[in-house]
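The data blocks that follow each hold one structure.
Paired with chain B in one complex and with chain C in the other, chain A is shared by the two complexes that follow.
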Partner chain A sequence: MQKQYKTKKMHKNETLVAYICLIPSIIGLIFLTYVPLAAVLGLSLTKWEGVGIPEWVGFANYIKLFTTDPYFVDSIKVTIYFSFVAVIGSMIYSLAIALLLNRKIPARGFFRAVFYLPYVLPAMAVYIGWSWLYEANFGLFNYILSLLGIHKLKFIASSELVVPSLALIAVWLSGNLIVIFLAGLQNVPKVYHEAAEIDGANGWQRFRHVTLPCMTPIIFYNLLMALITNMQVVTPALALTQGGPGNSSRFISYVMYQYAFKSGKFSYACAIAFVSFLLIGVFTVILFATSKNWIFYEGGEE
Partner chain B sequence: MKKCKKIISTILGLTMVFSLTACGGSQGETTSNEPAANAQTGTKQEATNDDVIHISYSYWGTPDEAASVQEVADRYHEENPGVVVDIVCIPNEEYVTKLNTMAAANELPDCGIMNEAGVLDFGSKGLLADVSDMYAGADAVPLDSITFKADGKPVAYSAANEILVLYYNKDLFDAAGVPYPSSTEAMTWNEFVNTAKKLTLDVNGKNATEAGFDPENIVQYGCTVDNWTWQLEVWALSNGGRWFSEDGKSCTINTPEVAESIQKVADLMNVEHVMPYRAGLTDDGVQSTICAGNVAMSTGGAWNIGTCLNGVDFNYGVARLPKMKDSVTICTGGPQVVFSQSKHPEEAMDFIKWYMKEENSWDSLIATGIWMPILEKYYTDDALTNSWIDNENFPEHDECVGALVDYAMNNAKSTCWYYVPHTNEFIELLRAVLGDVWTGDATAESVLNENYNALNAIFLGE
Partner chain C sequence: MMRREKSFASKKRNEKVANIVSLVLVIILALIVMLPIWWIFRSSLMTNAELFQWPPKFLPPNWLFSNYKDALVYFPFWDYFRNTMTIIIPAVIGGTITATLGGYAFARLRFPGKKFLFSLCVGSMLLPTMVTLIPLYIMWTRGFHMADTYWPLILPYFCGGGAFNIFLIRQFINTIPRELDEAATIDGAGKFRILFSIILPSIKSAMIVVALLLFIQIWNDLLQQMIYINTSENFTIAIGLSQFKGSLKSDWSAIMCATCMSFIPGIVFYLIGQKYFVEGIALTGMKN
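Up next is the complex of A and B:
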């Protein structure tokens, strides 16, 4: 009886301590995430250009976005196109590199650092360097093409090639995915590999039937993070293309920046921000909903 | 023991809470998220030791211009010891962006040179102080072509008169044996293209008029007509068209004359192969072409004489722009304004009035070629003209008289932002839609017709 009473009190104390320690994060969550989100939603229902008092207009901003705006509808298509190419490209690239870096090769540590390095370089420096590689008249890639006798390409200056070119830069930058895949690969129990080898499986079969299923939680995490990050892409547009030829690299975040800061139309940009939030939310929900079908958790069904 | 743990964890929790709110408070300062320009942001502090008032002045320009403006600020401080002017440099491509952000945060500088495209919009939002009495009672007023007008009333005056001219590399012309472009008589467009062809050389040394010319391996281009969007208006005017009607009440950018003028510029790249590819997204037309040494002719603003052509190692000349039908150039110039959010409007207005007097910006800006004078007398009175252009910073005297002085006096028309609002957004959309025209994937006519409704909506302010 005494012991039960003591355990209950201990339990209550522990819960109290836990809540006290959580207070900073809850405050952060409320003031840095929920309140701004509500403020953006509220502002998007008004008309406000930076000076004066916001004026209530209801859903007029949203209607204008989807009917007469010359940038927005194209920007949704371009952002989704870029996200798919960049996400699929970087997942395949980083998985392949992680597999290679998991083997016992000489100077393995050096190579791991080299492939991770692009992720930590300053973004503007990276993009300016790549802009010289892609330069339409005298860039390095065009020089190599002209040596091979192929017609020069305009890369980021042409509306068909700009998104694949920018996606290539994003793939090169995906060092963080490599590190996480490496950790996931090292978590695949060796006993499974040995068992498969005994049964006569070759490398490719082991990959498909042992490595990949064990890696599915990590793949899911990387896919989710890469999708969310790449749907908010804005730096290539700001640094290199300013929306590209026509609207072909005009990402949603760039349109938001354009309207908020270049034109001063803050409430309109808030409407764009909210639509972007809903779009990313939809993709995340789809990803979570379909995840049950292909993720294998070693601990069994939860 | 358990009580001790509880106390420690409570203290730890409270410390975290307080540290978060402390750093959360200072986050309220940051408002803009674009790359910050150099130098400090506009601060409005008042020194507590003496009565020195600090006013902030914003401008755009290269580091050379920065040095010139600092000299002006220092000279003002010598004459007015109670006021210190802190200069703030913001890159031209982001000027209105940064000012928009500062306006929303109520942190605009006290005064500054305003980007032309944003003047009328800032005026209509009430962000500019009234400067209509700046020239009250003065004996000379600035040229009418550089006066910003809303509903016919002056809102601001350009601090400098800048026109577009044609620069050319005399050494490359001599090497090819081609006569220089004239500074008193504009070439026709066909003559211009032919001259450019003679100066476009491929890797085998053949020029574009000879058989066997290889357009895939060009090492020297004949010309660059800058397609940085606002500068395209001069070709529309030269071809007999207008982007907007003269009274500023309607947008006429989808007329055949305007489409043809833009198409001719695009054809220089894709059909005639005399111009290196430019996307029209950056303000470095002269620096990246003629100053880099591999283009023989380049159009550009008169300010390049002082900002980048002063450092080149070849002989350059200045001539009139080629004409499509009429010989015109466009004039522009940022106006000096006082922002209405300023806490020191009288001191700021006094500085601006002092700055606008030619004598005060003479050595650092006018004599170096960065600014051209705004009062008519400098263009009509020979003695005053000579005092302006007869120095080592400018090319030959006769060339300057023809291509700068007389050209500005007789052939210059106002850029659209002097009388049309919302030009910042209009030009932004135009820049976006013309992208496919420069790559050759669409014709100017089709692009302008498709996008006319969107452009017109921006012009009407919808």
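Up next is the complex of A and C:
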């Protein structure tokens, strides 16, 4: 009887400790995450420009966004274009580097630090530094092109090249993916490789049928995180291009930023925020839905 | 027998060749990755006249470290640095502590509503931060009248430090054998006692990782700094740099000095925590 009482008390105590530990997180989840999310939806159905009481307008903001807004539809295209180039580029780059670093080469730690370094540099400084590299007449890249006998390009000052140029910076910054891939590669069971080798598989076959399947959960994780990050891209536009030239780097987040904080159209900008939330949500759901077909889970876990 | 030995030897040789090829590739790629940083640094040590010469020189003709002194006249780096640190230090401390507490609760404690709270937490990881930007801005500036202060940039970090970091700490705590907790419980230690005497000493490296990740995140958060900070005395490095660039359109040598100065704190913090960093990031990619 007494023992039962004691364990009950202990459980109660454990619950109390847990809630004390979680108070900050619960406050954050409620007031900084889910309530604001609901507020975005609510506000987006009104007309409110920073003063007075929001006036209910139903879906008018959304209709305006998709019919008469001069920037919005293009910004979706530009953002998706950028995300695809940046995500695919950084996935291939970081997986390739991780595969190379996973081999028996000297000074691995040093090289890992080198490839990781761009990630710890402040974004603002990175974009400004790269804008000098992309400079049309005396920049590093045009110098390299001239050595290869190619005509000078305008990179971020050209509406065709601005998105790929910015995506290249994103690839350069993706050192964190390398480290995660590398950790995944080190967890691929050695016995699988040995078994495949005994069966006479060559290097490519081992990569294709052993390494790659074992890496799929990590590829999925990196893909998802890279997609969410890149779909929200805003810093290059803020720091460098101001959406230009023309509208060719006017990303969704930048359009939202301008409407909200430059023109004070808060409720209208909320509609943009909510559409981008749905858009990222759709991509996330698609990724999760297809993941069952290509993610390989080792022998019936869970 | 002979053939088998021969094929074994040739396999060994193949492996060796492959490793050498990999090393060469890694060196080339590392040089390519470092090239932009070198180019920015080398440009900061040259005069504008030297920068606008064709063909560009790979090495600065004279290493003009005095450029930095000149740039500092117009680019008050130390003021910006102090302002940035005024945000970062409390935010990083708050974020690390609250993420650790949250991670501990999810990793070790049983309580009603755990599954629900945890899925809310993971769900918020998938929620883009830009979506909630406007309501939060209204809350901080209209509700709490904190426009042009650092509070909107600091206080959120005292509220959990981000789902990702909670998750990271949880992953780390899961690698500590539960037997240690159980032994301590038998000795009469409470849950807080276990946290302080068993868990915390073993997750120091994870906490350093969280601190570094928060550092980078805040350092890079140009958008929020731009919307909350208005007066130039309060500027952070990121905003200051963007203003500096805007006012000096083509004085590239001075701009590159300012850029290099902004690189330094990140590099220093990274070098200090590098060992833990790689370890910790690696864990985030693991299956739960």
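Note that in this section the second predicted complex is superposed on the first by the 269 of 302 C-alpha atoms of A that agree within 3 Å, B and C clash if a C-alpha of one lies under 4 Å from a C-alpha of the other, contacts with A are read in each partner's own complex, and residues count from 1 in each chain.
Simple rule for what comes next: contacts are C-beta pairs under 8 Å (C-beta built on N, C-alpha and C of every residue); 3 or more make two chains touch, one makes a residue touch a chain.
Nothing here was measured: the structure is a model prediction, and the numbers come from that model.
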Per-residue contact with chain A, leading partner among chain C and chain B: C
In the overlaid three-chain picture, which partner chain does A:285 touch, first (chain B) or second (chain C), both, or neither? neither
Of the two partner chains, chain B (first) and chain C (second), which one does A:154 touch, if any: first, second, both, or neither? first
Between chain B (first) and chain C (second), which, if any, makes contact with A:180: first, second, both or neither? second
Just chain B (first), just chain C (second), both, or neither: which does A:31 touch? both
Which partner does A:130 contact after superposing on A: first (chain B), second (chain C), both, neither? second
With both complexes overlaid on chain A, does A:122 touch chain B (first), chain C (second), both or neither? second
Report for A:261: first if it touches chain B alone, second if chain C alone, otherwise both or neither. both
After overlaying the two complexes on chain A, where does the chain B footprint on chain A coincide with the chain C footprint? 13, 17, 20-21, 24, 27-28, 31-32, 124, 137, 146, 238, 257, 261, 266
Which chain A residues qualify as touching chain C in the complex? 11, 13-15, 17-22, 24-29, 31-37, 39-40, 43, 97, 100-101, 103-106, 109, 111-125, 128-133, 135, 137-138, 140, 143, 146, 172, 176, 179-184, 187, 203, 217-218, 221-222, 224, 228, 231-232, 234-235, 238-239, 253, 256-257, 260-261, 266, 269-270, 273-274, 276-277, 280, 284, 301
Touching residues on chain C, where the partner in the complex is chain A: 18-19, 22-23, 25-26, 29-30, 33-37, 39-40, 43, 51-56, 98, 101-102, 104-105, 109-112, 114, 117, 120-121, 124, 126-139, 156, 158-161, 166, 190-192, 195, 216, 219-220, 222-223, 226-227, 237-239, 241-242, 245, 252, 255-256, 258-259, 262-263, 266-267, 269-270, 274, 277-278, 281-287
In the complex, go through chain B and note every residue touching chain A. 2, 5-6, 9-10, 12-14, 16-17, 20-21, 24, 32-35, 96-98, 100-101, 103-104, 125-127, 216-217, 276-277, 279, 281, 424-425, 428-429, 431-433, 435-436, 438-439, 441, 451, 454, 457, 462
Would you pull the chain A residues touching chain B in the complex into a rising list? 10, 13, 16-17, 20-21, 23-24, 27-28, 31-32, 49-52, 68, 70-71, 124, 136-137, 146, 151-152, 154, 157-159, 238, 241-248, 250, 257-258, 261-264, 266
